[in-house]
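We just call them A, B, C, D and E in the order they show up, numbering each chain from 1.
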């Protein structure tokens, strides 16, 4: 589904990604962990082209990201992204956030989009918040709206960038549960997280990144119980 | 050291605190946990009078908070407070942040204040960051400066409001360690946190709040291993 | 209650509001000296009265307010004593007369002002002035454009082809049509207007004094002499240009 | 205060009400046209000013500085008299059109600077959120960034609009009738200065109040007011 | 061609001293008004952010009245109408009246800018200062206002330029500032209306451009609230 080939990304002096390669199969849940500044967000952002890459190639569902011939706007509707800070449109209500994406990007008509929007809000558990503005919602509720908004595009892939780290611990579990549901439904997902509990339970595979490179790649059992890389061991010792 | 008697706080319709009573002994480390919106921050802010109370009485070190006869500015110098978002003065360097509080609030002379400031920066582990502005510091470094700034007042009590929740997980442990050091030195501390690990290790007593009320109060062993209150049990099950 | 004249007598100075609207009535010459017909008359009068002359320069909009609020003792400008204005201030007997005339570019080939009075023509005049009134009344077929400013701005509009012709007074126009200018005055006078000085309604003593003085210099010939120099010829240009 | 009212002649004001109404109407529609046009072009100039291409942003910056550092009066003269001299079709525009063009040229840079501040005030995440659901750049700008940007800078936009409304009073130098012209007309004929100017001021205040109401309405239209309460 | 250039040059040389004299008056009046008006506006702006209902509303009214009416009318009222109230200290001469009117006009804009800047300083800053034992006024003086001042520099320069340019209306009360000096010169130089206006524009530019550059510099230097 996603094929990342020798991708590097330079910010001026800083090498945020250094020759990263990796493949995500359809229906797979890939969890990326690593210390701050290791390039996790950057990798995620290059997948839907929010960040251009300096060298290498990324192919999503057979389409090359950032290639001249690619309609990036169309590609992005098939890649859902949920941000750490939610990035809901703050001037629109929860429902309008979901509706607007469909009418603008997919040219769906308003009535249909609204019906889908209400469905999704019910699915993520906040049908009664349709007419609230983001500022009137708690963090967890905002995150649910953001997920619903992404789902409205019927994406083939979902990217989560620390989708729960701006939430309070109690709310986290609800959102993680929702993500786990998506995973069981067969959605391809790439998840950057600090929640090792989630990584352990939901991940098909875990990647540990440091200094722009993939340091270790393993299934969660191996990763958490018998990590090989020294840096990974140090990292895990501080997190847990 | 702190005596809270039947304190209530109303925000319009919302009862943020509902008849809360509690006593903190000198040298005690009290940890407050609870779900979002349960009134933890509000309780902390009433202790140093940042929030006025609707009814009840708070006495810190023999002085009643908010009473007519009380010089609140003087009282506040004996109550250090460290905020979730650090709230360093962004137009001053790290050192100046610490110096200014002393010269303005305590009328200390500049030379003395500077000496104390440098000492404290060394103590919190960032002597080389004296001349950096807050925006040039990482989150963890900012938090250390904020702690140093509070310590410069030689407070009798320190209040921490989610002092680590804006930090990335790896940085958290450093700041928690610093707080633990303070605790072992005998500082009276009231700490609002979501870090159950810290609560377990550093707390003399843990309070669980929900809906503006203290639901459970126990020493950490009892609290974590044998909670009695139903709400507490549910809360802990989701956190851990 | 001290009258205005008492004040002038005791303080030994007379304060006059003028508008620097351009030669020859009142202007600043190339040496930076304030001069012109009314300035000349006022200087003469102050000297004869034995008081000091203080001149204050205002925009047209400021003249009457300055008088009414007591900032000055009288207005010496080319102000037409209309009925409505007379309800606010008192005018002296006419000091001189203005002839409102039309002008155009020579290249247009007009000869008399009536040539402008046709459909499709446009005429420029100063905003809310008696020139504009005259144009509205006499050149009624043409479209009237009222420009803020003064004669200079009106001539600019005509020169730039924004209007076919303009209306102003003969004396002000003289310097624009002198020599090998591109402008020419069109034959015929649209209207004649008396121009007088103005005082506050309660300054009766000063009003009579002014009227007396105007009569005096008219009969001893000094007024005609001034008018001939400033108003009816371009003699002043030699000395002040 | 009493002596102020005592000096106010309502009867004379009544005689000029129709002229004031005419002037007010002219000022109203001309400011509305210039406001819409200068905000519209202001968006483009703001975007040019933020362009990474030095040629484009320098061009925009130069335009902004040159206009801001010189008086409107002179800009109107230059457009009215200078344009026909430079362009063969310059005389094509009549006085009113010229005035509208000149004022739009004049206020576009002010609006552009305010709008630029507004765009910068919208968190980058908002645009990223839009891109990630497949919005194109123009769609992101139009549906997400601009509504928030304009709502964020409503106070300075209102301030600039107040200036723009008052700037229309300079139109009389090229023979365009508007509210100040009505005041000057009344004053010149009746020379009751207090009445003329106070009436003029009241009319301007009424227009200003109307813009305040419209601004509140627009802010709501741009996405409700609740969302700006944090 | 050369003749006309020579002629324009001669006019320029001839007018320059007059225009410079006008510029000096424009400079003097605008600077005084900017200083006084900024001080007044700064004070009012700070008061407007304090939680006092009445003063805040009163200042709001003041602000809207001064921003909603033309400066010409304000000037006129200060110079011509106030004296008719027969109060001794309101008997301004034209220079004082110009300063008074322009200062109030300036202050109405500065008030808004100040209030907006103070509100833009995150509330946590003041709370931290209070928590460290500073009084309300100490927190305002040492923490909030220094940060607000930085935010004010760019918009202030914009307002100053507007103020400088509105001095051109002062001729109504007999102040021969820059525009007026130019217009007086125009009366003597028929046929050069446009050229003289261009000269005036150049002189305004000489005065205003550095102010705008200063604002740009201020935006780069202080626009962000940190010291970096």
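What we mean here is this: a residue touches a chain if its C-beta (ideal position, glycine included) is under 8 Å from a C-beta of that chain, and two chains touch if they have at least 3 such contacts.
This is a predicted model, so every value here is computed, not measured.
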- prompt: Which chains does subunit A share as contact partners with subunit D?
  reply: none
Message: If you average the CA coordinates per chain, which chain's centre is most distant from that of subunit A?
response: C
Message: If I superpose subunit A onto subunit B using their CA atoms, what angle of rotation comes out, to the nearest 5 degrees?
response: 175
Field: Higher-contact pair (C-beta pairs counted), C-D versus B-E
entry: B-E
Message: Between subunit A and subunit B, what distance separates the C-alpha centroids? Give it in angstrom.
response: 34
Task: Express in whole angstrom the distance between the two chain centres, defined as the mean CA positions of subunit B and subunit E.
output: 46
- prompt: Using the average of all C-alpha atoms in each chain as its centre, how far is it in Å between subunit D and subunit E?
  reply: 19
Message: I'd like the Å distance between the centres of subunit A and subunit C, where a centre is the mean of that chain's Cα atoms.
response: 81
- line: Residues of subunit B that touch at least two other chains are none
Junction residues of subunit D, two or more chains touched: 81, 193
Statement: Two or more other chains are touched by the subunit E residues 76, 80-81, 84, 193-194
- line: Listing every touching pair of chains gives A-B, A-D, B-E, C-D, C-E, D-E
Message: Could you list, by residue number, the parts of subunit D that touch subunit A in their complex?
response: 123, 125-126, 128-136, 139, 143-144, 147-148, 151, 222-224, 226-230
Field: subunit C-touching residues of subunit D, taken from the complex the two chains share
entry: 80-81, 84-85, 91, 95, 172-175, 177, 181, 184-185, 187-193
- line: Interface with subunit D, subunit E side, in the complex: residues 64-65, 67-73, 76-77, 80-81, 84-86, 109, 112, 116, 155, 158, 161-162, 165, 168, 179, 193-194, 197-198, 200-201, 204-205, 208-209, 212-213
- prompt: Given the complex with subunit E, which residues does subunit D contribute to the contact?
  reply: 3-4, 7, 65-66, 68-74, 77-78, 81-82, 110, 113, 155-156, 159, 162-163, 166, 169, 180, 193-194, 197-198, 200-201, 204-205, 207-209, 212
Statement: So, in the complex, the side of subunit C touching subunit D is made of residues 60-61, 64-65, 68, 82, 84-85, 87-89, 124, 127-129, 145-149, 153, 156-157, 160-162
